Amino acid sequence: MIDLSTIPSPLVQIVIGLIGVLAFVGLNGLVCVYLERKVAGHIQRRPGPFEVGPHGILQPLADAVKLVAKQMITPKGADPILYWAAPLISFAPAIACFLPLPFGPKLQNVSINVGLILILAFSSLNVLALCLAGWSSQNKWSLLGAARDIAQSVAYEIPLLLSLLPIILLTGSLNLAEITQTQGPWPWQWLVVKQPLAFIIFFVCVFAETNRAPFDLPEAESELTAGFHTEYSGMGFGLFFLAEYSYMVVGCALASILFLGGYQGPVASGWWWFLLKVYALLLVMMWVRWTYPRVRFDQLLNLAWKWFIPLSLLNILITALVVKL
Amino acid sequence: MFDLELGLDLSGDFYTRHFQPTPSEDTLILNMGPQHPSTHGVLRVILEIDGEYILRAEPVLGYIHRMQEKMGEVKRYEQYLPNMGRVDYLHALAWNWAYVGAVERLMGLEVPKRAEYIRVITCELNRINSHLLWWGAYLLDLGAFTPIMYAFQDREIVMDILQRVSGSRLTYCYYRFGGVSQDIDDIFIEKTKEFCAYLKPRLKMYKDLVTDNIILRKRVEDIGIIEEETLRKYGATGPVLRGSGIKYDVRRKEPYSVYSELDFEIPTASSKDALGRYLVRMQEIEESLKIIEQALEKIPPGPHISPQAPRRPKPPRGEVYFAVEGARGEIGVNLVSDGSAYPYRVKLRSPSFSNLSMFPEIAKGTLLADAVSILGSLDLVIPEIDR
Amino acid sequence: MSKQADSSICAYAYCSHEQTGYEKHFFITPASLLQHVQKLDELGYFLEDITCMQVKEGFLLTYHFNRWEKPGRLALRVLVVEEDKTIDSISSIYPGALWHERECYDFFGIVFKNHPSLIPLLLPPEMEERPLLKSSEKLRDLYELLPGCEQVLHAPRDEEFGQFIKECSQKGK
Amino acid sequence: MDKIGLGVFLAHVLIIVAGGLVTVFARSLVRALTGLIATLFGVAGLYFLMAAPFIGVMQVLIYVGAVSILIFFAIAFTKSSHLGEEARPRKQSQWFFLLSVPGLVIFSLGYLLIKFIPQGFLQPQETQVKDLGGFFLGPYMLPFELISLVLLVAMMGAVILGFEKKIKRED
C-alpha cells in the first residue's frame, strides 16, 4: 500500500486513486461473486463451486470470461442508446463513491469536506440507471421493475439520510476521515454504541437501496422474471452485477466508517481493520439473502414510511436534545 | 400494430387478442409465461393489471398438451400404463394407482393384501416427495432460495428408496393390474423406517426455520382466501379444499385399498388462505409418515401380485370410475371398455385442472406478488392440467 | 370375473359403488339439463368433471357430480345427436364447467350454447380436426358399452331423477 | 492552473449546452430527460469549480437523484401515442415562439449580467457547511421556512391525489 499523501500533485493523486479504485472494484467483484456462491452453497448444505481451480477459487474468473464472451443483444423496439447507456450510468457513479472513503489513516483518495453527502448523492444515481434500463428495454416486466425501483429507492433514501443526521450532529462533520477519528479503536468507543437505532435503520436501508434480498423487488425473479435487467445479456448484465456489488461495498464501508470506527481497531489500526469490518457486514448481507423470503411491495413501503421515517426522526430529536443539553 | 379507432392492440397471438379488455388508459396487458419462473413449467397467464393490481387473470393452457386421452384409446391397457407416470410427474404413483384401480374394478380383479399395503407405502412416500417439492418451490416463489435445497436433500432419500423397488426415480411405473411389479425387501423396509425417523425432526426444523418466519407469515396470511361456495362451484379438491376447512379426502370418504384399516387424520385449516393450504400440506406429510409406519407394521406376507392377474387384460364391457387421493386432490380415471384389448374411452380427471380454473376468480384484485403466492399455493403440475 | 357383462346394473339409477365407482346414474334429455343441474347445485353437489364419448347414436356427455359430506358420485348422462351437436352450457350454474366444456369442444366439437368464450383450451387455436372422433368402423353402440340401456335413446329417464331429488329433499339432504 | 481551470470550465459548458440541445430536440421524451440530467450534472460541476462542493453535491442529490427521477416517473407511465399531436412536424409560428421567448430571456439576462457585473472573487473560496447552516437559520430564516411550507403543501396535494385514485379503484 502506498501512502497517498506523499504524492505531490492532487491531480496525479486522484488519477492514481481512480486506478486503485477501479482495480479494487474489479477485484472486489470477483471476491464477492466467489463469496456469495460459497456462502449460498454452505447455507444450502452443498459445497458451492468446486470444479474450477482448488475449491472453485477460479470460478468467478470463468464467470467473467463467460459474461464478456457473450453476445450483446439489443431487443427489438428498444432505444439502443439509452439501453446501453444504462449499465454505464449504473456503474460509473459507483467508482466516484469510493473516492472519499478513508480506507486507512493515510489511505484516502480525496479528502473532501462533504464526503458523506457526495457518496449519498452519487449512489442515488443508480436509481436513474435502473429506470433507464427498465424503460428502454421495451419489456413490460422491466418497466414494472423500474417502477418498483423508483418507489423503493425514493422511499428508502429518506430514512437513510435521516438516520445519518444524528451522526453528523454528534461529530459535527461531513468529512469521513474526521468522523472516523472521533471514534476510538475499542468497540465501546464506536458510534454504534451511542446510536444503535440509527445503525439498524441505516443497515436495513442499505439492503433496500442496493436491492438485496429480502428487498430485491425490482428484480424479484419469481414475480418479474428478472425485473429491470430482464433483457440484458453479456457485459450489460455484468456491469449491473458489478455495480450492485460495488454499492453493497460502499454501503457496508459507510456503515463501518460511521458506526464501527472505520479503520480503527484494537491492537493495530489500519486498512485491514476496515476491510475486515466491510467484509463482515457483506457476509451478513449474503447470509440474510439466502435465509429470508422476499417481502411484498406494500409491506416494504409501509416499513419505510410507517416505521423507519418516524423512528429516525425521533432519533434525531432525542440526539439533538442530548447534544444541546 | 395499434388500431387507433377501436383502441385495441392487434399485436400478439390468438389468445391475447381474444382476451383483450375494455380499452382503458390505465391498464396493461401482461403475459406471464409460458416461460416464467413462477409458473413452474409451461403455464401461461394473461394478466390485465392496473399498476400492480390484477384486474383480470386468464390462464392459457396447452403448452405441454400430449393428448393423453387419445393415446389411451390407441394403446392396449398394459401399453398405456407407463403413460400414467408422465401425467403428474410429482405424484406418479397416484396416477398409476388410479388407472390400475380402474382396470381392476372393471375386471373385478382381487388384489392381494400385501400388494395393497405396498401400494399404500409407496404412494404415501411419493406423496411426501410431492409435498416436499411443493414446499421448496413455493418458498422459491416467495423469494426464499434455500428451502428447496433442503427439500431436495430429503427427496433424494425417498427417490433412492422408490428406485430400489420400481427402478425409476421420478416417473414411476410400478403398479400392475392385480398387484405391483416387484416385492419389497428388508432393506426397503429398513430404509423407509430410517427415513420416517429422519424426517420428523426435519419437519420440526422446517417449522421453526420457515413456517414461523414473520416475513413468510405476512406473505401468506389472508392471501388468496377461497370461500366454500367457490370451491364447490369449481370442483376443487385436495389440500386446496382442506385448506378452507372442508374435510373431504377420497381416502376417507370413498375408501379404496386398505386405507380404511389404517388410522390417520385428515388435516384441515379453517383460515381459507394460502397459509391454510400451506399448513395442511405440512401436516399431511406427518400423516403420511404415520400411515407408512402403520403399514410397515401391518404388512402381511403373501404374493405381491395376484396369480390371476392377466398380462394383457381384456376387460368386459362396461364403464367404471376410480378415484384416488393424489397430492393435489382427487384423481379420477373414467374407463369405458367395449370388451376388446383397447379401451374405448379414457377420461383422466386431474385435480390441478379444477384447482387452476379457480385462479381467475381468486386472483382478481390482488397484487402481482400475491398472485404468484396464490398460484404457488394451489400446487399446480402443468402436465397434469394439459394431459 | 365378468360380473357386469350380463347384468343391467348401470342402466338404472342405482348401481353398485364397489363395481363401478358410481352411486347413481341418470339419463336425462338435453332440454332438461339445466334445470337438473340447478337442483344438484341446490343440494350441494360439486362438479367433478364433464366427459364425452362418441358412440354410434351420437355423443354421450357425462357430467360427474360428487359431494363432500358422503360419497355419492352421480353421473348425469345426456345424449347429443350427430346432426345437432349443441347443448346448453352449465357454466352459469357451475363456473367450473367453463374449462371442461371448452375441452369437450376441443376434442369433439360439441358446441355449448351460452358459453361466454368457447375457444380452444388445450389444442392450438388453428387446429381444425377433433382428435377424439372415431372412424365409423371403430364406433360402438351405446348398449354395447353400457349393457342394458338401449331404450334410453328413446325414453330418457327424467322421472328417475325427479324421484331422486324428491327423496333427497325429504331426507333434508 | 488558470488554463486548466478554463479548460474544465469550457468542458462543463459544453456538457450543459449539449445536454440542453438534446433536451430540446430529442424526439423521445426520455432521451430529452437524459439531456436535462446531463445539463444538471454540468451545473453541478460548475459549482465544484466555484469551490462550492456542498451545493454541487446537493445539486446531484436533489435534482439528478430525486427530481429527474420523478419526472421520469411521470413520463414513463403516461401513455402517449407516437401519432399524437406533439409528434407532428412543427409549424412556422411554433418555431418563432420557440426561438423568440427564450432568446429574449437569454439576451436580456446576459446583457444585465455583463452590464451590472457583481463584485466577485477571481479565486474561488470555499464556504464551510456550518456557515451555510448558520445563514439558513439566521438571515435567511423566513425564505427557508417559506420554501419548506411550499414543499409541505405539495406533499399534501400529492397525498390527496393519491387517495382519490385509490377510492376510485375500490368502487
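Each chain gets a letter, A, B, C and D, in the order it is written, and its residues are counted from 1.
Methods note: a contact is a pair of C-beta atoms (placed from the backbone, for glycine too) under 8 Å apart; a residue touches a chain by one contact, two chains touch by 3 or more.
Everything numeric in this text was worked out from a predicted model, so none of it was measured.
Across the two candidate interfaces, A-B and B-C, the one carrying more C-beta contacts is B-C.
Averaging Cα coordinates per chain and for the whole protein, the chain whose average falls nearest the overall one is B. The geometric centre of chain A is 43 Å away from that of chain B, both derived from CA atoms. In this assembly, the C-alpha centroid of chain B lies 25 Å from the C-alpha centroid of chain C. Centres computed as Cα averages put chain B at a distance of 59 Å from chain D. With each centre defined as the average position of its C-alpha atoms, the distance from chain A to chain C rounds to 64 Å. Annotation for chain C: no residues touch two or more other chains.
The set of chain D residues touching two or more other chains is empty. Across the assembly, chain A contributes no residue in contact with two or more other chains. In the complex of the two chains, the chain B residues touching chain A come out as 28, 30-31, 36-38, 52, 139-146, 149-150, 153, 213, 215-216, 218-219, 367-370, 372. Within the complex formed with chain B, the residues of chain A that make contact are 40, 43-46, 140-141, 144, 148, 213-214, 216, 220-225, 289-299.
Taken together, the chain B residues at the contact with chain C in this complex read 14-15, 18, 61-62, 65, 67, 69-70, 73, 102, 105, 107-109, 231-236, 241, 246-248, 253-254, 308, 316-323, 330, 332, 334, 336-339, 344-345, 347, 349, 353-354, 357-358, 361, 386-387.
Residue ranges on chain A touching chain D, taken from their complex, read 79, 81-82, 85, 112-114, 117-118, 120-122, 124-125, 127-128, 131-132, 135-136, 143, 146-147, 150, 153-154, 157, 172, 174. For chain C in complex with chain B, the residues that touch the partner chain are 1-5, 10, 17, 19-22, 44-49, 51, 53, 62, 64, 68, 70-71, 73, 75, 94-96, 98-99, 107, 117, 119-126, 131-132, 134, 140, 144-147.
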